[in-house]
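What follows is a set of structures for review.
What follows is a pair of complexes built around chain A, which joins chain B in one and chain C in the other.
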Partner chain A sequence: MTNSRRAGSVAAVAVFLAAVFVAIPLAIAATGRTDLYYTLSSVALLAIASGGVWLTFYIGRINIGQGAWALVGGYASAVLVTTYGWSFWLSLPVAGLFCALMSMLVGLPILRLRGVYFSMVTLVLTEVARLTALALPITNGARGITSIPTPGAIRLFGVTLVPGFETFANRNAPFYFLSAAMMTLCFAGLWRLVHSRLGRLFAAMRQNEELASSMGVNVPLLRVVAYAISSFLGGIGGAIFVAIAQSIYPSSFTINDSVNFMLNCFLGGLGFVFGPMLGTLVLYFGWDLLFQTGQYQLLIYSGVMILLMLVLPNGLLSLRWPSRGRP
Partner chain B sequence: MEQVIANGLYLGAQYALIALGLTLIFALMNVLNFAHGQMYVLGGFVVYEVYGLMKLPFVVALIAAAATLAVLGAVLERFLFRTVIRRSEREESTMLLAAGVAYFLDAAILLIFGEKQRGVRKIVNGVFMWDNLILPWDRILVAGLAIAFIVAFILMMQYTKPGRAMRAMAQDRTAAQLMGVPVAFYGLVGFALGAMLAGLVGGLLVTITGVNSGIGGPISIKAFMMVMIGGAGVVGGAIAGGFILGMLESVGLTVLHSYGDVTYLVIFIAMMIFLAIRPNGLMGKPWG
Partner chain C sequence: MTAPILTVRDLTKRYGGLTAVNEVSFDVQEGEILSVIGPNGAGKSTIFKLISSFVKPTRGEVRFRGEVISGLAPHVVARKGVVRTFQETTIFKGMTARDSVIVAHHLRSQASLAGFFFGTVAARRDEDAFARSADEILEFLGLDAVGNELASNLPQGHLRALGIAIGLAADPKILLLDEPFAGMNVDETRQAVERVRAVRDRGVTCLLVEHDMAAVMKISDRIVVINFGVKIAEGTPEAIRADDKVIEAYLGVEDETIGL
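Then we have the complex of A and B:
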């Protein structure tokens, strides 16, 4: 990377950070629209989960099962906090790791499937997660887990690093900073991953698994790794979401959410790490704007979607991938 | 036990017919039709309107449902899927389009027909009893009709010219085109036929279970499962998958009854294990 391009990237990152952590809170304070904190937190969390889906796209699989991992992560965190009395801050990474571990177990068989088969099976996986949540005793069935306490303070050697969320007048504000910080971290991680050696191996797998395999790439291992990272992101997103909502039900993340995660990636463009962020923002606010149309909301939304596919079938920001060739 | 098997066969006949439509569209166009369940719902509502409200004979209602869905399928193929397949670089785009169509139909059905559960009067009354087997006659009739449609479909695919053309297209689109098969036309016919089958099942089942605007998604998922069990794009696989799922559901509901509502969970998990061993289903071709 040349110096001028590096300077450009640094400037872009600085602008992004300033916008997210300074400009938006200031704007919200100035206009008094504190409800936007909740909306923007949702966008950030959905973007994290969509980022996971994007990574599975990156290895050439269409994942319509991210809702399952968001649900698993949410339940893992909720159960740890309510039943075992853990701190939210500890339950968050554990929920993510639990998702990663489970997805390795599930991924080993299902990642052998390709194309439409993989998509169908991941779609079914969302339904499996919902039914499991309904059937298991620890998840409390259809009644779900409610009145989950808000995250407490983080103290290290007597110094309060993060004050407890209950001390804020508007609880959505700290959640916004938490979600935005997590989103920044996750996408920085994704960006780093894609530009590392591992990222190149993933790209090689996307283009041709057999060829990559013949070059000595351990394809079965790497695709499980990619899927585990993807599910980790889904679990993190889901766990924070549950902390904001302070409740979780088997229907908190459904097939519609799974499909939306995929749509976010498509809309934002598959060749671009930050695409899911843009896609989530556009889709979420587009859906919100259409709320005023009342009962026609879904009709217009899907109509626009169909039109977009007709006019721009390759996505909004589509940086074209080298074609894998039709099987 | 006879009761369980009879229920399984009855369910399986419906499911096989649903899966046939889905697999036909997949085989010919390489499109995973997310909107299949919604097409089923639409077929159900057409029969509800014609048979339930307008009091016309059931046969007329069924024909109306089939015709409506065939036209809808043809229009979707001609104006949406064909265009997107031509313009898009990645065949996954059609999946997204299909998801959009599914949402659109969901919204349209909700607006037109409302959110209420709708049923119609029985087509035949009475119950068939034999030994300890109890089956209402209308279920037998519906299952019989479904099997008749399946047989008619297979005969058409085997022995008629369009059937042969579509089988050739499913095997190798380019080769079929080189042999003079008008692939664009038969793509349209296949899509219309697939949508028609979905509508027919919806129309048949509305007489027994009724229909409401929310069941489209779950029906699609069931259809995906059948196709995955049997293998995508294969007629025999779809039929096998349909009957297997019907049987599993019927047996599961009886055997696992005491453990609560876990039948589908067990079926899903069993299917994932099965797919790990046979990724292409029972008789599917390798894909991708």
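Then we have the complex of A and C:
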């Protein structure tokens, strides 16, 4: 990387952090629009889940099943907190890891499929997760899990690092900071991953799995690793979502969400690590704006999406870097 | 004679009713260049896919230094040192030639994947070593001038060389080259023949499938002839040229094209 480009990247990161953690909270305080905390938390969490989908795109698989892992992660955290009395903070990484593990079992057979076959199976997966949540005793069927306590304080050696969320007048504020921090962490991790050797092997697999295995790459293993990381992100996003809503039902994440996670990636740009973030933001607010158009909302939305994919097959971020094909 | 580096025994592959490879056996000595020839559809590529374990044999086995490798996963066989290149121009389209060769160094890496994630010292050392080795391989195969070109923009001759470069980067003991001279003109072929010789002189045993008979006769230590999936002859270029069965089954038909 040249020095000027490095400086540009550092500046971009600084602007991003300042906007997310300083400018937005200040603007919300000034305008009194505290409802935006909730909206923007949702965007951040959906972006995390979409980031996972993006990684499966990165190894050449169209994943329309991320809703399943958001649901599994949400339930895992909810059950650990309510049934077993765990702290939310411990339940969060465990929920993510549980999704990663489960997705390895599921991924082993289905990741052999390519193209539309893989997509179809993942689409069904969301429905399987919903039906499982309906059927299992531990998830409490259609009544779901409700009255989930908000995250408590984090204390280390008697020092309170994070105050309990119940101490805030507006609980959406700490949730916003949590979601934004997690999004920042997850995307920083994704960026590092894609720019490390593992990322280069992923790119090699996407372009030609046979050639990759001819040079000794364990393609089946790395496919599962990518899918596990993807599902981990889905689980983390789902778990925090559930903590905000303080409840979860089998219909909390549906096929609709799975499709949206995928569209967020398309819209933002498959060639860019940060594409899903932008895609989620634009799609979320775009959908809300279209609400004004009443019965035409879906029609206009679909039309615009189709148009965008035709005109900008590499997503919105390709407007910014038209010549750079790589992330 | 020393123990062969590769032994192929009764190798058979059926696709439904079609027997693509039928009870083929031969040995490969360390450091030789052995060509597998035969008419279109004879089963040559299938033999290579069987040896590199991309395809599982219906019957028979392949041993590498005495160890059975047929039935193992292809990446495991590649790690042992049996590496194939592809007949179809198989490349990483979106990568530059240099990046493709760097990625192909994957096997030699000392640092763990996590090490690469966190950018440890070992990972940096690997990265540097791979880049240097990639440059060396590119130069060796006459690709240094086009290293930063996207692989999808390269002409046929360079693509073939890039395929060999990717194979070499994986540090093979045996390199299986499927039609390495296809799509090359006389001059390019002459250079490519020299390069395959040079690869062998680096200590890599070379197996090749090739239709360019003049090149095959020039480069091979020994030749195996396949017709309809069956081995019909094996021997030095001189012996093959004089073999009645070969002339009848194969050479005689294409008399002019092979220029014998």
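Everything that follows uses one rule, which is that the second predicted complex is superposed on the first by the 309 of 327 C-alpha atoms of A that agree within 3 Å, B and C clash if a C-alpha of one lies under 4 Å from a C-alpha of the other, contacts with A are read in each partner's own complex, and residues count from 1 in each chain.
Here is the rule we use: a residue touches a chain if its C-beta (ideal position, glycine included) is under 8 Å from a C-beta of that chain, and two chains touch if they have at least 3 such contacts.
All values derive from a computational prediction rather than experimental measurement.
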More chain A residues in contact - chain B or chain C: B
Which superposed partner A:263 touches (first chain B, second chain C, both, neither): first
Which of chain B and chain C A:296 touches, first, second, both or neither: first
Touched partner set for A:131, first chain B, second chain C, both or neither: first
Partner chain(s) touched by A:196 [first = chain B, second = chain C, both, neither]: second
Chain B versus chain C as contact partner of A:146, first or second or both or neither: neither
Partner chain(s) touched by A:83 [first = chain B, second = chain C, both, neither]: neither
Shared contact residues on chain A - chain B and chain C: 326
Chain B - residues contacting chain A, complex: 26, 32, 80, 83-84, 87-93, 95-97, 99-101, 103-104, 106-108, 110-111, 217, 221, 224-225, 227-228, 232, 260-262, 264-265, 268-269, 271-273, 275-276, 279-280, 287-288
Sites on chain A touched by chain C in the complex: 192-193, 196-198, 200-201, 203-204, 207-208, 210-211, 213-220, 325-326
Chain B contact footprint on chain A (complex, rising order): 62, 106, 108-110, 112-117, 119-121, 123-125, 127-128, 131-132, 134-135, 255, 259, 262-263, 266, 295-299, 301-303, 305-306, 309-310, 313-314, 320-321, 323, 326-327
Chain C - residues contacting chain A, complex: 52, 54, 73-75, 78-79, 83-86, 90-95, 99-100, 102-104, 106-107, 109, 113, 116-117, 119, 123, 126-127, 166-167, 169-170
